[in-house]
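What follows is chain A paired twice: with chain B in the first complex and chain C in the second.
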Partner chain A sequence: MGSLDEVLEGAKTVFTIFGVDITESVVNTWIVMAVLVILALVFSRNLKLYPDKRQNIVEIIVDGLTGLVTSTMGAKNRNFTPFIGTVFLLIAFSNILGIFGLRSPTADFSVTLAYGIVTFFCIHFFALKAKGWSYIKGFGQPFIFLLPINIIGEVAKPFSLGMRLYGNLLGGSVIMAMISGAIALFVPAVASIYFDLFSGFLQSFIFIMLTMVFITIAKDDED
Partner chain B sequence: MGWTEYAVAAFAVLGAGIAMIGGGFGPAIGQGYAAGKGAEAVGRQPEAQGKIMTTMLLGQAVAETTGIYSLVVALLLIGIVNKIL
Partner chain C sequence: MLGLDLGTGIITIINLIVLVIVLRLLLFKPVNNFLEQRRQKVHDDLDNAQRDREEAQRLLEEHRQLVADNKGDAAKIIDNAVRQADVRKEEIIAQAGQDAAAVLQRAKVEIAQEQAKVLQELRADISGFSVAIAEKTLARTLTPQDQQAFFNAVLEEMDSYAN
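What follows is the complex of A and B.
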């Protein structure tokens, strides 16, 4: 993580293709994607019925995520686990990239808003699939006059999701830049455990929890 | 640079401070309330500590949202000052 000015300046443009700026956020997301793909290849190679150490780690993660999805969304929505798990790992690895001195892709509002919009489309796609026309009619409930307010509430969801993630990450990197600018020895390392590791995992956990809750409410709520 | 730029910069910094006053109060109260209730719940049911902890952290993070909004607003205002000066 660079100095305070660098953090506040936003993501730098690394190179330009056909007039499109490829910023640090995009390049760092590529790094995260490459790491995740390599980890997936390494950990899914020759799986056995009686797992060894390597396979046990993955089984703990998959079991934990399946349990979380089942307990939050109900047993019939168990097949959301791959999507939720992917979002969790992507955001978690993006968040903890700050430890390695790179700029977290999630400290950029365009990236987090994109994640929020993915959630937005998920909510409405699965709700429409499950409920059909009655879901659209549900926006006019209890009175038709509340239609604009309901629509604004729905449109605000991706913004609030994205803003929460972005603000936390940006705030974390600002504080980290201040601490490492003020004290050089030992203290930044301890602060990094909280602001990069703990906060990063917590924020990605909250993102997937809210995603699951929103999807479940829109999809399965009887009214 | 005229005095208007100085005034704009001064008020932007002031606004950033005021935003953080408001944004500090609400989430602090909300998070403290959630933590207090969490401690109460652990006292009543120590065996459910893991689940209570998760729920409490989730609720606190959601309560934190408004504070984060004001932090973003404050940072944007400081960004304006950096651009002017």
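What follows is the complex of A and C.
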């Protein structure tokens, strides 16, 4: 974790490809993605009827996420598990990157807003797929003059999701930088358990819970 | 600090979509399929166990019924055997009684015949002896009329003794 100035400065550009700046956030996201893919390869091969410790871990994670999706969205939406599970793992691993001295990609609003935008498109794509034209008409309910307010409410969702995650992560990073600047020994390690581990997992959990609720309400709720 | 970078946003969206596809193929799909197979296997095993238990229970009931039926049959067979033995016993006793009566009857007839025969022989012997004694006593030969009279007198005497 860098100093307070570095944290507040934002993600630095590491290199440029075809005129596109590749920032720390993107590189660190790629690191997280590589770690997740390697872990998936290692943990999901040679699955046996009688699981060993390695298999138990992956079964607990996958089955836990599947159970969470099923209990929140209903059994018919069980096929959302890969999307919800991936978002959870990606955000959770990104959030705890601070432990390893790397800048958390989720402390960048561009990244968290992108996650929010993906969720936004998922909500409306699956709602349109399920309800068709009646979903669009639903924005004018119960009165037509509420249409602008409903649209603003929907457009606010990705910003709300992105801001919540970004704010918590940036806040945690700022506090951690301040603690590290003030006391160099022991205290930052203890504080990191809360701000990086606990808060990191909590925020990723909140993000996927809201995503699941928004998708389910838009897709399955009767008007 | 809150600066939005379009490139980072777009790359992040692509990253997320790629990772969803990769983890779906490498992690969620195989593990969920495997868990489903195991769930199905456990379900099947439980079903089989339930079926086997029901089959075992049915066989046990059949076995019990068979044993109970056999016990009833055995009792019936023993009853029949006892009844038949009783009938046979009565028949044998009756037959033995009849045989004994026949033997007794035959023995009585034979005794009567033997008695008559002995009496006949005795009568002949006695008449001879009587004549000889009478001849010696009288020192003469008796006439046939004398012999007949004497013989009749002796027979009367003997009949009185025999009665």
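One rule holds in what follows: the second predicted complex is superposed on the first by the 223 of 223 C-alpha atoms of A that agree within 3 Å, B and C clash if a C-alpha of one lies under 4 Å from a C-alpha of the other, contacts with A are read in each partner's own complex, and residues count from 1 in each chain.
Criterion: contacts are C-beta pairs under 8 Å (C-beta built on N, C-alpha and C of every residue); 3 or more make two chains touch, one makes a residue touch a chain.
The structure presented is a predicted model; accordingly, all values stated were derived computationally and were not measured.
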Chain A as common anchor, with chain B and chain C clashing or fitting: fit
Chain B versus chain C as contact partner of A:191, first or second or both or neither: neither
Which superposed partner A:117 touches (first chain B, second chain C, both, neither): second
Included angle at chain A between vectors to chain C and chain B, based on C-alpha centres and rounded to the nearest 10 degrees: 120
Which of chain B and chain C A:164 touches, first, second, both or neither: first
Dominant toucher of chain A (residue count), chain B or chain C: C
Touching partner for A:49 - first (chain B), second (chain C), both, neither: second
Partner chain in contact with A:30 - chain B first, chain C second, else both or neither: second
Touched partner set for A:175, first chain B, second chain C, both or neither: neither
Minimum C-alpha spacing, chains overlaid - chain B and chain C, in Å: 6
Shared chain A surface residues [contacts with chain B and with chain C]: 8, 170
Touch list for chain A against partner chain B, complex: 5, 8, 160, 163-164, 166-168, 170-171, 174, 202-203, 205-206, 209-210
Sites on chain A touched by chain C in the complex: 8-11, 20-23, 25-26, 29-30, 33, 36-37, 40-41, 43-44, 47, 49, 58-59, 62-63, 66, 81-83, 85-87, 89-90, 105, 108-111, 113-115, 117-118, 170
Complex contact set, residues of chain C against chain A: 1-13, 15-20, 22-24, 26-32, 34-35, 38, 41
Touching residues (chain side chain B, partner chain A) in the complex: 57-58, 61-62, 64-65, 68-69, 71-72, 75, 78-79, 82
